[in-house]
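Heads up, there are several structures right after this.
After this come two complexes, each holding chain A, first together with chain B and then together with chain C.
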Partner chain A sequence: MPTVYVNDQPVEIGDARLNCIEAAGKAGAFIPHYCWHPALTVVASCRMCLVEVGERKPDGSVAMQPKVVPGCQTPVKDGTVIVTSEYHKRPAGTAPLNYDPKYGTPGERAKLAQADTLEGLLLNHPLDCPVCDKAGECKLQDFSYTYGRATSRMVDDKRTPPNKPDISSKITLFTDRCIMCSRCVRFTREIAGTAELTIVSRGDHAEIDVFPGEPLENKLSGNVVDLCPVGALGSKDFLYKQRVWFLQDTPSVCAGCSTGCSITIDANKDAVYRLQPRENTEAQGWFMCDEGRWGFHYVNDADRLRRPMAGSVVQPWSEVLPAIRSRFAAAGEQGPVALVLSPFLTVEEAYLAAEWAQAYPRRKLFLGPVPVVGEDDRYPKDRQGRAVEPTKFTIRAEKAPNRRGIEAVLARYQGEVLTFDKFLAEAKSFKAAWLTAGYPRGTGYPLADSPFTDEQAWQIAGIPLVVVQDLFASPVSKVAQYTLPAGAWAEKDGTFVNHAGLAQAIGRATHPAGEARTEGQVFSDLLGRRGLYRAADVRSGLAEMVPAFKDLPVLPVTNGTRLPLPLLTGGSRA
Partner chain B sequence: MPIASKDVKWVSTPKMGLGDLLYFPAVFSGMATTLKHVIQPKVTEQYPEQEPNLPANYRGVHRLNRDEAGRVKCVACYMCSTACPAHCIDIVAAPSPWTDREKYPETFVIDELRCIYCGMCEEACPVDAIELTSLYDLTGLSREQMLFDKEKLLSVFDMTTKESPKKDPIRTRAGKLGVASEALKNS
Partner chain C sequence: MADNQLTLLARVDKPGSHTLASYRADGGYRAFEKAIKEMQPTQVIDTVKASGLRGRGGAGFPCGVKWTFLPKDHPGPIYICINADESEPCTFNNRVLMEKDPHQVLEGAMLAAFATRASTVYYYIRYEYGPAYRATQAAIDELYAAGLLGKNILGTNFSLNIYTHRGAGAYICGEETGLIESLEGKRAWPRIKPPFPAIEGAFRKPTIVNNVETLACVTHIIGKGADWFKSMGVPPDPANPRDAGSYGPKLYNLSGHVNKPGTYEIPLGITARRLIDEYGGGVWKERKAKAVVPGGLSMGFMTESELDTPLDFNGPGKVGCLGLGTAAVTVVDDQTSMVDVLYNVCRFYAHESCGQCTPCREGTGWMFKIIDRIRRGEGRLEDLDLLAEVGNRIGIMPGTTICGLADGAGWPVKNAIKKFRPEFEEYIRSGKKGRALQVAAAH
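Here is the complex of A and B:
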């Protein structure tokens, strides 16, 4: 088995092709880096990952290279010896390798080289951390603190090139903060393919810029802000809104489309401020699209439904729920009732709703409208906007996060997936209908309006008792006897199943707006369950009742769980 | 656990001698103390007619300093509200309307009732924009009145710098380097 020695610790790398940073990561040693990113090509330009490298000969002697080398560009093989700048912090009791006594102390060269690199990077970097949005999550701050020196020997004035707020409508460039790692440039060339960004001028005068008349406008542009290790690229949406150390991170899943990008929701004082992609090679990789990233503002929208309404009268939950329960029971005796499960519900909520509907012998369960906008958008693209293989990122046309999860619940409780069109066709026969919705809308989001139309509302208006649970008023909520405020996805715990059958946990970052209650809480109350709704408690019942979720762990797994695909019924779309 | 009787020490009132029984020595020593204070200079301060002379490092009401152009000096970095142990500083930052800085506070509110006057905010401030003055007689008729906004805090600056007598805190180091950086230079 090929073995690499990282700070004297042997690590077996198998047949993986790794560079020094990845191999050291396997041993639990961190090599600082700016320009290297697992999804991008290697340029070895930042010189932060300098390490000492050598080879352990079969006789046990170690031959070290006399100079430090960039770890990102140096592949490892059997017998490679890596010595990082933190050699002195290796676990106590590690048996030292047989270094040549003339080599000196291992780790000293790398330590000195990294401190020098940081001094070089800080020559022209302004020390405006107090007003920089990256402060607190800035790699230059972190690495300077850990690996750098406290003083600068620079005697000349710092170079202060002017800022470029116009490189994009969404992104601003603080040119003086840039450390020329070129991550953003490589991202637009390799992942987005649109190649708007470039480096102009040379040496000390090098700057990131766009080509004249071609601003950075592609649907993945927001990722350059995350990729930027310093505060040079800033998202205008988030600029100066919050200091990052006030934000609470909640791991979750983007509800923008069926790709189900792993994200973290950054919230403070019960408001969502930012979404950031989370690395998950099972779901989407490292990135997320701009529609998802900046389209979340509907969660904080002042126009959201906040209080339960009976017709046009505001009623407290304590009156609305018993009234609905008794009216539904009466309607259930007269004829069939319908339950429409929205693809924005979590699996747990759909399960609870389906369980509640079991009380009505003549019930029918339907899948709510699944919004589809255009076609799947694949990246990278060439200059003509055509997708280029291999695909590195896909923005899916299906703008709902959990169609497959809902379909699995429907397959168990209804036997087949009945679409919303079938519900509309049969609408006249129902005595009562419960429509769950939770459809987002708003600027920057692909769905500008509710998927419910006036025509549909007209058809639904014939049903004597209609209950609608939605985030915003819609044509259907206008004809409903009861309108209940729903919880947005950032306000819920639960599980979404993406297009490929990957079940990922979403987390609650804020409380529901106003008096709104999550669908899970409402159905939990209707079922007579006591106390607050907890998705983890529901999950064991779900795993028992719905075969597709048999292996779903009760406690969420970071990268999600792949569900057995045959059990999730096939891709019939509304 | 009850106290064991061996741990209990009984004391009785000391027996009075003749001097104590006469009471006169005690009366005269008391009168001597009274007379001493009649002759001594008076130390009572006639507050509120007479303002107390507080040390210059007294930590009273906050002020927001102005720069040379009369604009608010604060750059809305949130260092003070981060350092504040009472969470009484609320800032809303915005891109600044001026070219010489990127960020400025759109609103800056200190809850003077919640504040514990510890001075951490002025210690945290990287631009010497927030300072505690020696104004101590802070009153208000409601909780809302005690929420000091940007204008009010700037008016405290005007009050303590322009009106006489000047009440500049001794901590002011506007323009000069902080202690830390000077110490660093000398080392």
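Here is the complex of A and C:
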């Protein structure tokens, strides 16, 4: 088995082709880096990941290279010896390798080189951390603290290039904070393909810039803000809204489309401030699109439904739920009832809703409207806007996070997946209908309005008892006897299944707006379950009922579980 | 003046020396014709290897060995790039060849292409060399018209195209991978190695980058034989196991404070003192030399007492210089302030650092700011140690940069502080202002 030695600790690397950063990571040693990113080409220019490398010969002797090398650019093979700047912090009792005594203390070269690099990076950096949005999550702060010198030897004036707030409508550039790692430039060239960003001028006058008249406007532009290790590129949407140390990070999944990007929701005091992609090679990779990134504002929208309504009368939950229960029971006596499961529900909620519907022998379950906008949008693109293979990122046309999960539940309880059109066609036959919805809307989001149309509402209005639970008023809520405020995706925990059958956990970042309750809570109450609804509590039941989800109770939260596709029946949109 | 036979410069004074007719009248393209009709490519490589020819561009890498780094049996195309981005300060030996005897270089390039089975030669010429570009382009046009370039040259199955490409004015384009990036139409940021250009170079194909003067030497090596070439110069220094010897004629550029600046062809190994005294007519105005640059600014400085150092690939290193470099010798007389000299040096590298690697981008700018402050009379004695340390910490040698520009930026600073420290200290203590031309800061 190929073995690499990281700070004297052997680690087996298997067949993987790794660089020193990755190999050290396997051994639990972190090598700081700026320009290197696993999704981008290696440029080895920031010179932060400098390490000492050598080779352990079969006789046990170690031949070290006399100079430092960038870890990102240096591949490892069997016998490679990596010494990082934190060699002196290796676990006590680690037996040292057989270094040549003339080599000196291992780690000293890398330590000095990294301190030099940081001193260089700070020469022209304004050190305006108190007013910088990145402060608190800035790699220049973090690495300076760990690997840098406490003082600078520079007594001369710093360079003060003007800021460039106009490089994009969404993103601003604080030119002086830039450390020229060129991640953003490589992202626009290699992932988005649109290549808006470039570098102008040479030496310490080099700056990130856009070409005249071609601002940074593409649907993946926000990623450059995440990629920026310092506070140079800022999202105008988030700028100066919150200090990052007030934000609570909740691992979750973007609900914007069926790609299901792994994200973190950054929230404070029940308001969502920012979404950031989370690395997940099982799902989308490293990035997310701007529609998802900045399309969350409907969660905080003041226009959301906040209180349960019976017709136009506000009623407390304590009255509205018993009323609905008895009226539904009565309707069920008279004829068939319909339950529409929205693709914005979690699978746990869909399961509870389907369980509740079991009380009605003449029931029919339908899949709610699945919004589709345009066609799948693949990146990178060339300058003419045509997608280039291999695809590195896809924004999917299906603007719902969990169609496949809902379909799996429907297939189990219904035997087949009945579409919303079928529901409309049969609407006249139902004595009562419960429509779950939770459709987002708003500026920046691909869905400007509810997918329910006036015509559909007119068809639905023929049903004597209509209950709708949604985020916003819609044509259907106007004809419904009961309108219940729903929980947005950031307000619930549960499971979404993306286009490829990957089940991922979403996390609750905020409380539901106003008096809103999540669908899971409502059906939990209707089923007579006690206490607060938690997705984890219903997973074992779900796993028993729906074979596709049998692994769900042990779902790894981080990168999700790929569910067996044959068990996830339904539409063919992959 | 020494009585050596001129080879590289033999024709430059002739009227019409740049034309094909004149070149052929002097026996031009016979070596090429002989090679493609009678020799195997490997024979050409072996001859060049046997001659001990080392690259004239600055690094001094053995030329024939470089050619053998190309992958065997590569389906092609293989490219040759001629590095005519001669931008090392005070260096102008390629220029005379390109302007006055362009066919000599082209023949060498064609021989190199034949030896390496390259199908295309890119002639990368720095933008500032207008006359050189025009002479070269005219020479290439003549070659096509004469059937010496194009398909099936002289009835053989050897085909070759040569394209000129003009740079846009950056020092970094002279670094071979920077040159390749620039040739591809990109920003000239040197590439990380490996892969080396011989494996993956221009347009991701195997590429050999050779200097203009190197290729001119190839012409004569094939024409006159490896033994002729090896009869000139200096054998390897037994004290230095890494020295491969310095053979053949070399164009020395002499500039600065000498009576007769110019380009002189001399077998490798002449001492700096002989070059200055015998060829350059001595230091001007009856003065003495204070410092001498052995081969382009990046190589550092020699003091007066070190002038008996032979200017071969091994010599300058023995007195603490980086190497022979381009053999562009610049003389600084004893009336010149080293503070002003170092100011100009640092200004150049701060302006020309490509900005890719942090240590060089920030280090060159920092060194310039420090020396600028010293020159303005606001220096501190500790600045000298700081300068020397920054100069010492940037470059390929400590491993902190991708290319050698930073080594070249740091070396003259280290050298100057080490060898002329009393002068810098005296300058700082006196608090006086710079006397030389108040050159506006580059930025």
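Everything below uses one rule, namely that the second predicted complex is superposed on the first by the 567 of 574 C-alpha atoms of A that agree within 3 Å, B and C clash if a C-alpha of one lies under 4 Å from a C-alpha of the other, contacts with A are read in each partner's own complex, and residues count from 1 in each chain.
Assume contacts are C-beta pairs under 8 Å (C-beta built on N, C-alpha and C of every residue); 3 or more make two chains touch, one makes a residue touch a chain.
Small disclaimer: the values here were computed from a predicted structure and weren't measured.
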| item | value |
| --- | --- |
| Of chain B and chain C, the chain that contacts the larger number of chain A residues | C |
| Which superposed partner A:Leu50 touches (first chain B, second chain C, both, neither) | second |
| Contacts of A:Val42 with chain B and chain C, given as first, second, both or neither | second |
| Which of chain B and chain C A:Trp245 touches, first, second, both or neither | first |
| Touched partner set for A:Gln73, first chain B, second chain C, both or neither | second |
| First, second, both or neither for A:Ser201, with chain B first and chain C second | second |
| First, second, both or neither for A:Thr117, with chain B first and chain C second | second |
| Partner chain in contact with A:Arg153 - chain B first, chain C second, else both or neither | second |
| Which of chain B and chain C A:Ser450 touches, first, second, both or neither | neither |
| Chain C - residues contacting chain A, complex | 170, 172, 187, 189, 192, 350-359, 361-366, 369-370, 373, 380, 386, 393, 396-402, 443 |
| Footprint of chain B on chain A - complex, ascending | 128, 130-131, 150-151, 174, 239-241, 243, 245-246 |
| In the complex with chain A, residue positions of chain B that touch it | 75-79, 82, 93-95, 101-103, 126-127, 184 |
| Touching residues (chain side chain A, partner chain C) in the complex | 42-48, 50, 65, 67-70, 73, 112-113, 116-117, 120-121, 123-124, 153-157, 159, 179-180, 198-199, 201-206 |
